[in-house]
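Each structure below appears as structure tokens.
Here subunit A shows up in two complexes: once beside subunit B, once beside subunit C.
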Partner chain A sequence: MTIDANGMNYTELNTRLRAAVAQGIDEVVVNNVLGQRFIADGLKGNIRITLNGVPGGDLGMFMSGPTCIVHGNCEHAPGNTMDGGSIIIHGSAGDAVAHSMRGGKVFVREDIGYRGGIHMKEYQEKRPILVVGGTARAFLGEYMAGGLIIVLGKNDGEPVSERGIGSGIHGGEIYIRGNVQERYLGTGAAIQPYSAEHRDRIAPIVQEFSKALGMDPQPFLDAEFTRICPMSSRPFAGKYTWE
Partner chain B sequence: MCGIIGVIDRRKEPMDGLRIKKALSQMNERGSGEGAGYAVYGVYPEYKDYYALHVFFNNIHETKDALDATLEQWGRIVHDEEIPTYEQPNLRKTHTPWRYFFKPDKKLMAWSKSPEDDIVTYLVMKINAERKGSLVFSSGKNIGVFKASGWPEDVANFYRIEDYAGYLWLGHNRYPTNTPGWWGGAHPFNLLGWSVVHNGEITSYGTNRRYIESFGYQCTMYTDTEVVAYLIDLLVRKHGLSEELAVKALAPPFWDEIDIMAPRQKMVAKALRLAYGSALMNGPFAIVVANQESMVGFTDRIKLRPLVGGTCGNRVFVSSEEAAIRAMEPDIEHVYMPRAGEPIIGKVIP
Partner chain C sequence: MSIGAIPSRYRIRIDRDQCMLCERCIESCPYGVFRKNGETIHVDSRKCTACHRCIAMCPRDAISLLEHPIDYRSHPIWTREVRESIYNQARTGKIILAGMGNAQPLPAIFDRLLLDACQVTNPSIDPLREPMELRTYIGKKPSRLEIRRTPEGDLDLVTELAPNLEAETPILIAHMSYGAISLNAQKSLAMAATEVKTFMGTGEGGLHPALYPYQDRMIVQVASGRFGVDINYLERGAAIEIKIGQGAKPGIGGHLPGEKVDADVSATRMIPVGSDAISPAPHHDIYSIEDLKQLVRGLKEATEWKKPVFVKIAAVHNVAAIAAGIARSSADAVVVDGFRGGTGAAPRVFRDQVGLPIEAAIAAVDQKLRDQGIRNEVSLIASGGIRESADVAKAIALGADAIYIGTASLVAMGCRVCGNCYRGLCPWGIATQREDLTARLDPREGSVLVSNLIHAWTLELSELMGAAGINSIESLRGNRDRLRGYMLDEGILKVLDVKPVGA
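And now, the complex of A and B:
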């Protein structure tokens, strides 16, 4: 099924996507996407949605199951509080990518803006994953409570060269290719050893990312990573109250 | 949350208002229907040597004679007329927009280096502070601001914004949060050549306001954005800072970043922070400032509001959202997201 989204409001677009799921359609292509917010929000099912263009903010919010493939850039917060499924972006994305995400995968081929993975969380089998091919800006993984962030830095230069990495982190892990300067770490974040065990953990994810985006995984598999974890589960325990 | 957009044609080729209207409506979700507006540079070529004063009148029979008399005390009204408006079902016309083309008598401030600008600034501050039912919301040469309380498209249709053309446009879709929406509180804000659109809030408003009022500016519009217009006027026009340095003074690097700078940059950054500590703007914001020669977009130091830049030929774009830039220029060549505090600058090619 193909939808021409030229001049279409997001309400109509989402109504049609829901109707497609209800009819058991498993493949939809949406052309001329431009700025429509909230695409596939709360959508459940196994549908695969290809979006050609630039979708608006909060793509796949609360989504549970579908796969969204974006041929273009994304605005703010794709994967916001997403529950399951995947968002694969053949381009860059704005601020707060994977905001409060609680399950599924967000893959971004190029760069993301500020506060990527802010307040990602996990519970039992729900472990959200954010992988970025290029760079991430400041406050990556801010208040992170669970899940996994990997920044591959496929181009030259430091993958993350700004302040506040893992500021207030109290769960989950952040892997950044190469060395990360201590001064970029936020309050509550610490660099922990990166060993074979961790390499094995991220290798299948890196392979899946590379396959989805048509990249060679080998340089990433060969690379060294910095592993950033919480110092404690309650970094601000003493901030507002005291014993 | 608000939506902002701006475009400059560096060769000063005129653009009509159709595309920016479409682009701003694209971001309707960023507003609440309580304020929208447009600023256009190069809009009055036939009166380009006169100050174009755009005024909101309350009851016009009560207010206009007094304003005419005030203006005539300080110069000559070359031409004045009601700004044409077209009734819109969802827009309540609570004010009458009027425009004057005004020539100040510079002999009245002969001691000043810029007597005409100073007379107009004095008049704008005086008229707006007196609150006698007249509000001057645009006062530059060859510049017009068109704004009202309403959704972007309704405000555009109310003024038939597509009938105006210019080489630089700003647009704003307002979601007022700290003060009620009203016509005077809609963006863009303008003083002389400066216009400002803003998304976010200036939490340092109190400090900034006390600072700027000590230089004779008066804040009268119940919102934090006007202070930005006055700060830029002070830093660039009066103190002679470049736009780049002014942005560095308003959204400076953190001290720990200054500590590791090379000696010369460190000296400049330190001097700016010490000299303009009270001009530093805190809080979440993305701002676009324009004058006749340039357009500058920048965000707060930790990027709490979005800002995207784009270029296409001689045109430089800036907006809250990439899709809005693409709506205005489908053939955009380059789109990017600047770092916090790093300005997007478009300058007229001399």
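And now, the complex of A and C:
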């Protein structure tokens, strides 16, 4: 099924996507996407949606199951509070990518803005994953409570060269290719050793990312990563005294 | 160096002539005040919180409690609380954590507002004889209605109406999360809300499956931690409330300590057992009023525009302008929580020093929305320090559409406002997750207590309205002419737009 989104309001677009799911259609192509917010917002099911163009903010918000493939860049917060499914972006994305995501995957081929993966959290089998091919800006993984963030830094230069990485982190892990300067870490974040065990953990994800975005995984698999973890799962335990 | 012990806050005494050594006090007290030693019960008053559980359970009325058994030198500025806070912080170097609402002895504006009644010139209405309309609709109201006459002569409404909540009373039950309170407490409130046909809030703790039967009476909350929020949760609620702030702690987030996150709490919040549940101060996708609009619309889009979306803010200095912004965000109601709002835990300095009285906030918000011609765009729900039916009547006369009660509903279930909720040992089975304690609160009995309270207040409200010659809640709303200010200064009277007594 193909939808021409030219001049179409997001509510109409989502109504059509919901109808497609209800009809059991498993493949939809949406052309001329131009700034529509909330695409696939709260959408359930196993549908695969190809978006040609630039979606607006909150792509895949509260989404639970579908796959969105974006041929273009994304505005802010794709994967906001997403529950399950995948968002694969052949381009860059704005701020707060994967905000509060609790399950599924967000793959961004190029760069992301500020506060990527902020407050991602995990519960039992639900472990959200954010992979960025290029670079991430400040406050990556702030307040992170679970899940996994990987920044591959496919181009030259440091993948993350701004402050606040994992500021307030109390769960989950952040992997950044190469060395990360200590001064970029936020309060509560600590660099932990990166060993073969961790390499094995991220290898299948790196391969899946590379395959989805048509990249060669080998340089990433061969590279060294910095592993950033929380100092404690109880960052505020010692802050208070009783009245 | 030690400065020694500070005076005990309470003294517990047992009347030995009355005591029959039944040990119910020992069983009742989770703080460990009582212990049996041979043929006597020993008392450690220092551990007492004045929760009264022992007193309530003693079959012989043998226990007495005295507050502040030891005097300090009295001083109007260097109060006991100030001195003891200094001792505490000198010892620990930490932020003081406190429970329940604002404990400053500031006068309540509600207590200085008096209601009107009819005499001679206009008749009062007897609610026993005349129908009183207390049904309350919460949500957007159209600014105009378009009606079409059909060829058969019938009238059709052309205007599309926004979804509204329909409550049989303007009294709603506030958001108190599972985690902050027990599941039995939540069940009691949910059953009561269903019984009296009103609504209750889930708080930011997800929705436990045991509450699914009452979901049509529940307002699901989305706060900055996004705990327990997924599409199924949003779809279950009758309405969705975005929590921006809370009257007990405006401007800061919340931390549910890891020790309260047991297996069940972890399941509804969707976080690991024992992990701190941290709700950051801001929502990280809301950094402006435009971003708020995006979240409101994101929630509406996710639920196909079928549910009202509320936005809750703490009453702060510019509350009226903020509420006017919210009214333009597609939100259906703005909830304003005054500085007396309750909490399970808040830094004492925030609880006591930040925010505004709800009375002034209601008047300011209602006026601003009227001035801008957008009062119909949002309902106004007031909360924070509503203690009796007269407060409800006054809040509505000042301009609120409905009110939330939090603390009052807990008091109905036995809470003595001891203010130790953050310790997780609530002897009334309310603010605790400890199984032996939560078992003390039977949801069926708890729900009767809460529904009785709401029913009684609703009756009183209809009597007050009848006495004032008002037969519909709509006619009381914003009807400030039926209020008079007593011992309020000119500045406050102006903000409230209320005349002084005698005028």
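As a working rule, the second predicted complex is superposed on the first by the 237 of 243 C-alpha atoms of A that agree within 3 Å, B and C clash if a C-alpha of one lies under 4 Å from a C-alpha of the other, contacts with A are read in each partner's own complex, and residues count from 1 in each chain.
We take it that a contact is a pair of C-beta atoms (placed from the backbone, for glycine too) under 8 Å apart; a residue touches a chain by one contact, two chains touch by 3 or more.
Everything quoted here is computed from the prediction, not taken from an experiment.
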**Asked** What is the contact status of A:61 with respect to subunit B (first) and subunit C (second): first, second, both, or neither?
**Response** second
**Request:** Could you say whether A:90 touches subunit B, subunit C, both of them, or neither, answering first, second, both or neither?
**Result:** neither
**Request:** Considering only touches as defined above, state whether A:37 meets subunit B (first), subunit C (second), both or neither.
**Result:** both
**Message:** Under the stated touch criterion, which partner chain does A:241 make contact with: subunit B (first), subunit C (second), both, or neither?
**Reply:** second
**Request:** Considering only touches as defined above, state whether A:138 meets subunit B (first), subunit C (second), both or neither.
**Result:** first
**Asked** Just subunit B (first), just subunit C (second), both, or neither: which does A:118 touch?
**Response** second
**Asked** So, A:102: does it touch subunit B (first), subunit C (second), both, or neither?
**Response** second
**Message:** Just to be sure I read the superposition right, which of the two partners does A:183 touch: subunit B = first, subunit C = second, or both, or neither?
**Reply:** first
**Larger contact residue set on subunit A - subunit B or subunit C** = C
**Fill in**
Overlap of subunit B and subunit C contacts on subunit A, residues 37, 57, 76
**Residues of subunit A that touch subunit C when the two form their complex** = 10-11, 14-15, 18, 37-38, 41-42, 44, 57-58, 61-64, 76-77, 80-81, 83, 96, 99-100, 102, 115, 118-119, 121-123, 126, 142-143, 145-146, 168, 170-171, 233-243
**Request:** Could you pull out which subunit C residues touch subunit A in their complex?
**Result:** 85, 88-89, 91-92, 94-99, 225-226, 229-232, 234-235, 255, 257-258, 266-267, 270-272, 274-276, 278, 280, 284-285, 294, 297-298, 301-305, 347-348, 419-420, 422-423
**subunit B-facing residues of subunit A, complex** = 34-35, 37, 54, 56-57, 73, 75-76, 92, 94-95, 111, 113-114, 137-139, 162-164, 183
**Complex contacts: residues of subunit B adjacent to subunit A** = 26-27, 29, 254, 256, 302-303, 306, 308, 321-324, 326-327, 335, 337, 339-340
